[in-house]
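Below are two complexes that have subunit A in common, paired first with subunit B and then with subunit C.
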Partner chain A sequence: MAGKTFLVDTTKCTACRGCQVACKQWNKNPGTKTIQRGTHQNPEDLCFSTFKLVRFSEMEEKGKINWYFFADQCRHCIEPPCMYTAQGLGYKSIIRDEKTGAVLFDPKVKVKAADFKTIKDSCPWNIPRRDEKTEGIAKCTMCIDRIREGLLPACVKACPTGTMNFGDRDKILDMAQKSLKELKAVYPKAKLLNAEILRTVFLVVDDPQKYHKFAAVDDPTAITRIAAIKKLIQPFVSLSRFIG
Partner chain B sequence: MTNSWTDIGVSDCVLIMGSNAAENHPIAMKWILRAKDMGGKIISVDPRFTKTSAKADIFAPLRSGTDITFLGGIIKYILDNDLIQKDYVVNYTNAACIVGQKYDFKDGLFSGYNPDKRAYDRAMWAFEKDEKGIVKTDPTLQHKRCVYQLMKKHYSRYDLDTVSSITGTPKEDLIKVYEAYAATRKPDKVGTMLYAMGWTQHTVGSQNIRAASIIQLLLGNVGMAGGGVNALRGESNVQGITDQALLFHIIPGYNPAVRSSDVSLAKYNEKNTPKTAEPKSVNWPQHRPKYIASFLKSMYGANATKDNDFGYQWLPKLDDGQNASWMFMFDEMHKGKFSGFICLGMNPACSSPNANHTREALSKLDWLVDIDIFENETSTFWKGPGMDPKKIKTEVFLFPASMYVEREGSITDSGRMAQWRYKAVEPAGESKADGQIVHELYMKVKALYEKDKKGVFPDPILKLKWDYAADGKLDPHLVAKEINGYWLEDKTIGDKTYKEGTLVPAFPLLQADGSTSCGNWIYSGSYTEAGNMMARRDKTPVATANIFPKWGFAWPVNRRILYNRASVDLQGNPWDPKRAVITWDAAAKKWVGDVPDGPPPPLGLEGGRLPFIMKPDGVASIFGPGLADGPFPEHYEPLECPIEKNPLSSQRINPTTALFKEYKFATCDPKFPFVATTYRVTEHWQTGLMTRYLSLQVEAEPQMFVEMSEELAKLRGIKNGEWVLVSSPRGKVEAVAIVTKRWKPFKIAGQTIHQIGLPWCYGWLIPKDGGESSNLLTPTIGDANTAIPEYKAFMVNIEKLPPKKAAPKAKGKGR
Partner chain C sequence: MNVTRRDFMKISGVTVAGATLSQLGFDLTPVHAYATELRIKGAKETTTVCCYCSVGCGQIVHTSGGKIINIEGDPDQPTSEGALCTKGAGAFELVTHPQRLTKVMYRAPRSTKWEAKSWDWALDQIAKKIKKNRDKSFTEKNAKGEVVNRCNGIAAIGSCHINNEEGWLYQKFLRSLGLVYIEMEARL
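Moving on to the complex of A and B:
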């Protein structure tokens, strides 16, 4: 399969948040007003102006502390449920770039609150966000404007440790398999999260839930199935909306 | 750093202690993780589980201020189990040297202690010498007064139980670290130690690093690729400014500052030029007079002549015994002894220990010039908390400085590598580069002296050679060339003639007769007739090591790994051939690889020389008789500590550290029962002055916090995210509680001791709800040798605050 893919190797992430800041800087997204809430994770969550967020998760098991960092972002699904759902609702503002496979939102297009909820709920990774004032929706753009100029996405460029990787899908998947094989020897739970259906592939060494609630889906076929059904019924839905 | 950043990537074992590299040196993790990828072990020793610990193979907690105990335990483990790299230790260190009979150590004190002066007579620790003046040795290491045996006796007290009861480190964790690190004893296994302010900012800071050096020497890890003792410097160019002598006790190139009793150049040279009777010692500091003469020529040009000691008398002089370091300076300022203060790129109102006191000190000035890129708490101290502007006489001038992207020049990293940077944009508004500001200031002062003939002692200003500007603009290339040095007359050395005005190729050519000028001998070779070496960007490595000699310029003489003559055996063969730093090519009779620590053959061959060329006796100091607080590192408690008695001796604190008696302290005081330490976060730079104006940094780390264990939170009824008040005898700071599993209580001498940690990157000026600097809490006390403040261990209380009404709600732009 052609197109581009990210590999996020969490074993190399030190939560320096270079990616989080670089993402905002490149996309000209403002810093939101935050407070110290008793955690280093800030802002609290993704939002209309936060496409990339390092999630912090600390836990203690059998007296051993672990502190996991999860540089969350859009997974750029190969068959994106958000896009099919939006199309089903009559929106043309979510598209998939043919060359890279990037799933792109047009943040200038207004999306009704109820429709947004449907779109967001269709995303198993809890990514899309909406601005209540402008009614636009937004998320990671894969830095499509940079990629088209032959540059790396801002988050990948800023990463000092090799956590964030990006390139042609086959090459990145090869890299992911190689890293996985090496890590498996030390961490039996090492795995790639839903690599077959995503263009943002996380490499973890423990249960995905310990990193982030929406880190992985158990049954990826369900996602593809939902997408396929949405795709199938889309003309009818569009038609019904037109008539309605 | 003895080594370089890239070199960390080839290490078999990286001990990170006194450093949270992942937080404060994020790029360092690239090399640390590369070492891990290659099968190296990463060890993180820290009071709390940090971002660095999260990537480590072994994490061992220790109470702040107990590093010497921890490291002393490693020394004992190595000696008890005979794990030294013997050939290295016997030949390349002073382990075999015999110490004089006057040396003694009893109950925490070395011989020669004077309690009134809080100082030692260091002559009591001198080595025993033969009739030729050569230090006596016993290569079998059996003599009861040889360094090896004295060391063994000294650290015999640092057994597992004692260490664990002082550091609070569980015994099983200590053993894990001991075993993992001592495994680098094999000649072809190498361990590196990375440290930062967690080691230096203690009353025993210098001795923390000495303890590390002893371990590295015992295991044969100094001079090796993937080894060494490596200071991760706290700012991107702090290595450069130290090299250029920002500190009071040195002049450029680590030459000692001039004291009032050094009445002539000859006297200065006599005092500061070490001699040795050891025939195999290179004793490189014997060349100091050449560097001083060349420095004076650089300072005063044609005004410096042989007849006037090259202008030596124009150099500023310190009184004998005077300590003019940070805390002493602000102490004097507080006493009203300064009329003015030029503050350049610093924010002492937030960075000083006991910062309330520092802010008060600023109010005793007539004038303050603050040069910075943003308004900071220092330039606005007069309108800060607790200040009444009407009552403050200090006149404040704020000069806008330019950012690093707005100026050209060199920057020197922790690995001593200077890299040239170019100007990307013109300085914004009326801001100017620091160098330009200093240039204009000098020109103005000079003009005033020229105008007013009654000016006191005008010569240091008027005789100064200052020709670095064209059309009023300072040219960084001219400054760089001045630092490198040049010939002042034609000179033939050997079969080569050097022309007047040409740049000196390297410092071995500098002269004591006034025929060379050089601003800083260690940078000689950085800008030569071959061009600006600092601007080189060729990634070709040394074939067997991960070092890059054609990228930038590393002082001295582009050597990437210091003491690299210790990386080979007596015949010049690398201890570790797969990571050879240098190798003796017997056929060609020369070294290949990194720039060697001098061209002589290896020790075992004819004409061979000892490897530690900066030491008078040519060997590395396991026994270090030059330090103020003793020849062996010994554990003393921090000035403020939670236990009344040092379990190792009757000396609770470092007996030689200077006490500021009128200042407030509290030790073992039930009002301040918790150990505290301070640290930084990735998102904020030092006091946060450069980052607190940036919305993306503030978004990620918006407010002052205090991290504590779940156990302490429970004890004080504090919930995660609640506002609390942290207080010390010197000040109070409000902070949001981060209750975390990453902090655990320590078991110290049978008691449960809690420790907390706070960042020092906030200040009242901006952001408005960000909070204050934790340096309002820290004590005025410092290391016995360097006087670096003890920011890392002090005592506090912590109590819950009522919920803040003013605290803003978290609000994202949209959902």
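Moving on to the complex of A and C:
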């Protein structure tokens, strides 16, 4: 399959948050007002102006402290449920770039609060965010303006450790399989998260739930099925708006 | 909604037509949101070194019309190969941040307030203090009566970001004052 893909090798991440800042900087997103919550994860969550966030998950197991880092961002699904849901609701503001496969939101288009909830709930990775003031919705853009010119996305460009990787899908998947094989020898739980349906592939060495609540879905076929159904019924839904 | 058999035929007919259209590649979606050109296209690129830690990662500063429009990693730099950490990645804000210091800030001894001062005032202050302390602590001869010309009252801490030539000048300046406590350290 053509297009582009990210590989996020969490074993290499030191949680420096270079990707997070580079993302803010390139996308000209303003800072978020935050408070001390007793964690290094800052800001607390993704928002309309935070597309990339390094999640810190700290837990004690068998008297040992484990610290998981998860550089969360949009997965750019190959069959994006958010796009089909939005289309079903009559919005044309979520599109998929044909060449790269990037899933793009138009942040200038207003989305009703209830519709946004449906769109957000359709995303298994809890990514879309809405600005209450402008009523627009936004998320990671895969730095579409950069990658169209052959540059790397800002987060990948900045990453000092090799956690963030980006390139043609087949090459990145080869790289992912190679890293997975090496890691399996040391970490039997190592796996790629939903690699077959996503363009942002996370490589983890423990239970994905320990990294982040929405790190992975157990049954990826369910997602594609939902997407397929939404795609099928979408013309009826949009028509029913005119007729009903 | 009451759908008669006739209506249903109409709807499905339109739907099929719609589906066929989209399958043929008629994409009527407005793509304007991301149709913008790369904003650093054609910008002047100047290389520099990140001002923070001792790693000294390379950066490219993009300028257009004399204004800095972007700062990102320099892939040609052998130490960092284009990578930057949080601080380096946020370097653009050194220029643009509204809370950036643009004046010399001075806090007098035992004062609890900062005052804004001019550069001329600050440089004069520094010169006065160097003169005062050098005069006070200057050792012309040691205990054995040998000429040493030392200034023991001042220590210097340099930066790791100055290059060979700047380092040579800095060293020359400090030695001419008679300083012997000279350090170069970045992680401060």
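Here is the rule we go by: the second predicted complex is superposed on the first by the 243 of 244 C-alpha atoms of A that agree within 3 Å, B and C clash if a C-alpha of one lies under 4 Å from a C-alpha of the other, contacts with A are read in each partner's own complex, and residues count from 1 in each chain.
Basically, a residue touches a chain if its C-beta (ideal position, glycine included) is under 8 Å from a C-beta of that chain, and two chains touch if they have at least 3 such contacts.
Fair warning: this is a prediction, and the values are worked out from it, not measured in the lab.
Undergrad: Under the stated touch criterion, which partner chain does A:Thr34 make contact with: subunit B (first), subunit C (second), both, or neither?
TA: first
Undergrad: Looking at the overlay, does A:Lys52 come into contact with subunit B only (first), subunit C only (second), both, or neither?
TA: In the superposition, A:Lys52 contacts neither subunit B nor subunit C.
Undergrad: Looking at the overlay, what does A:Pro160 touch: subunit B (first), subunit C (second), both, or neither?
TA: So A:Pro160 meets both subunit B and subunit C here.
Undergrad: Examine A:Lys92 and indicate which partner it touches, taking first as subunit B and second as subunit C; both and neither are also allowed.
TA: In the superposition, A:Lys92 touches subunit C alone.
Undergrad: By the touch definition at the top of the document, which applies to A:Leu104: first (subunit B), second (subunit C), both, or neither?
TA: second
Undergrad: Quick check for you: in the superposed arrangement, does A:Gly18 touch first (subunit B), second (subunit C), both or neither?
TA: It touches subunit B and subunit C both.
Undergrad: Using the touch definition from the top, say if A:Lys4 reaches subunit B (first), subunit C (second), both or neither.
TA: In the superposition, A:Lys4 touches no partner, neither subunit B nor subunit C.
Undergrad: Using the superposition described at the top, list the residues of subunit A that contact subunit B and also contact subunit C.
TA: 16-18, 20-21, 24-25, 160-161
Undergrad: What does subunit A use to touch subunit B in their complex?
TA: Going through subunit A, the ones touching subunit B are 12, 14-18, 20-21, 24-25, 30-40, 42-45, 47-50, 58-60, 65-69, 129-133, 160-162.
Undergrad: Using the touch rule from the top, collect the residues of subunit C that touch subunit A in their complex.
TA: These residues of subunit C touch subunit A: 1, 7, 11, 14-15, 18-19, 28-34, 36-39, 41, 57, 70-73, 75, 80, 82-90, 92-93.
Undergrad: Could you list, by residue number, the parts of subunit B that touch subunit A in their complex?
TA: Subunit B reaches subunit A through residues 22-23, 26-27, 29-30, 33, 49, 51-55, 59, 681-683, 694-705, 720-722, 736-742, 769, 807-815.
Undergrad: Of all residues in subunit A, which touch subunit C in the complex?
TA: Per the stated touch rule, the residues are 16-22, 24-26, 92-93, 95, 97, 104-109, 141, 144-146, 148-149, 151, 154, 157-161, 235-236, 239-240, 243-244.
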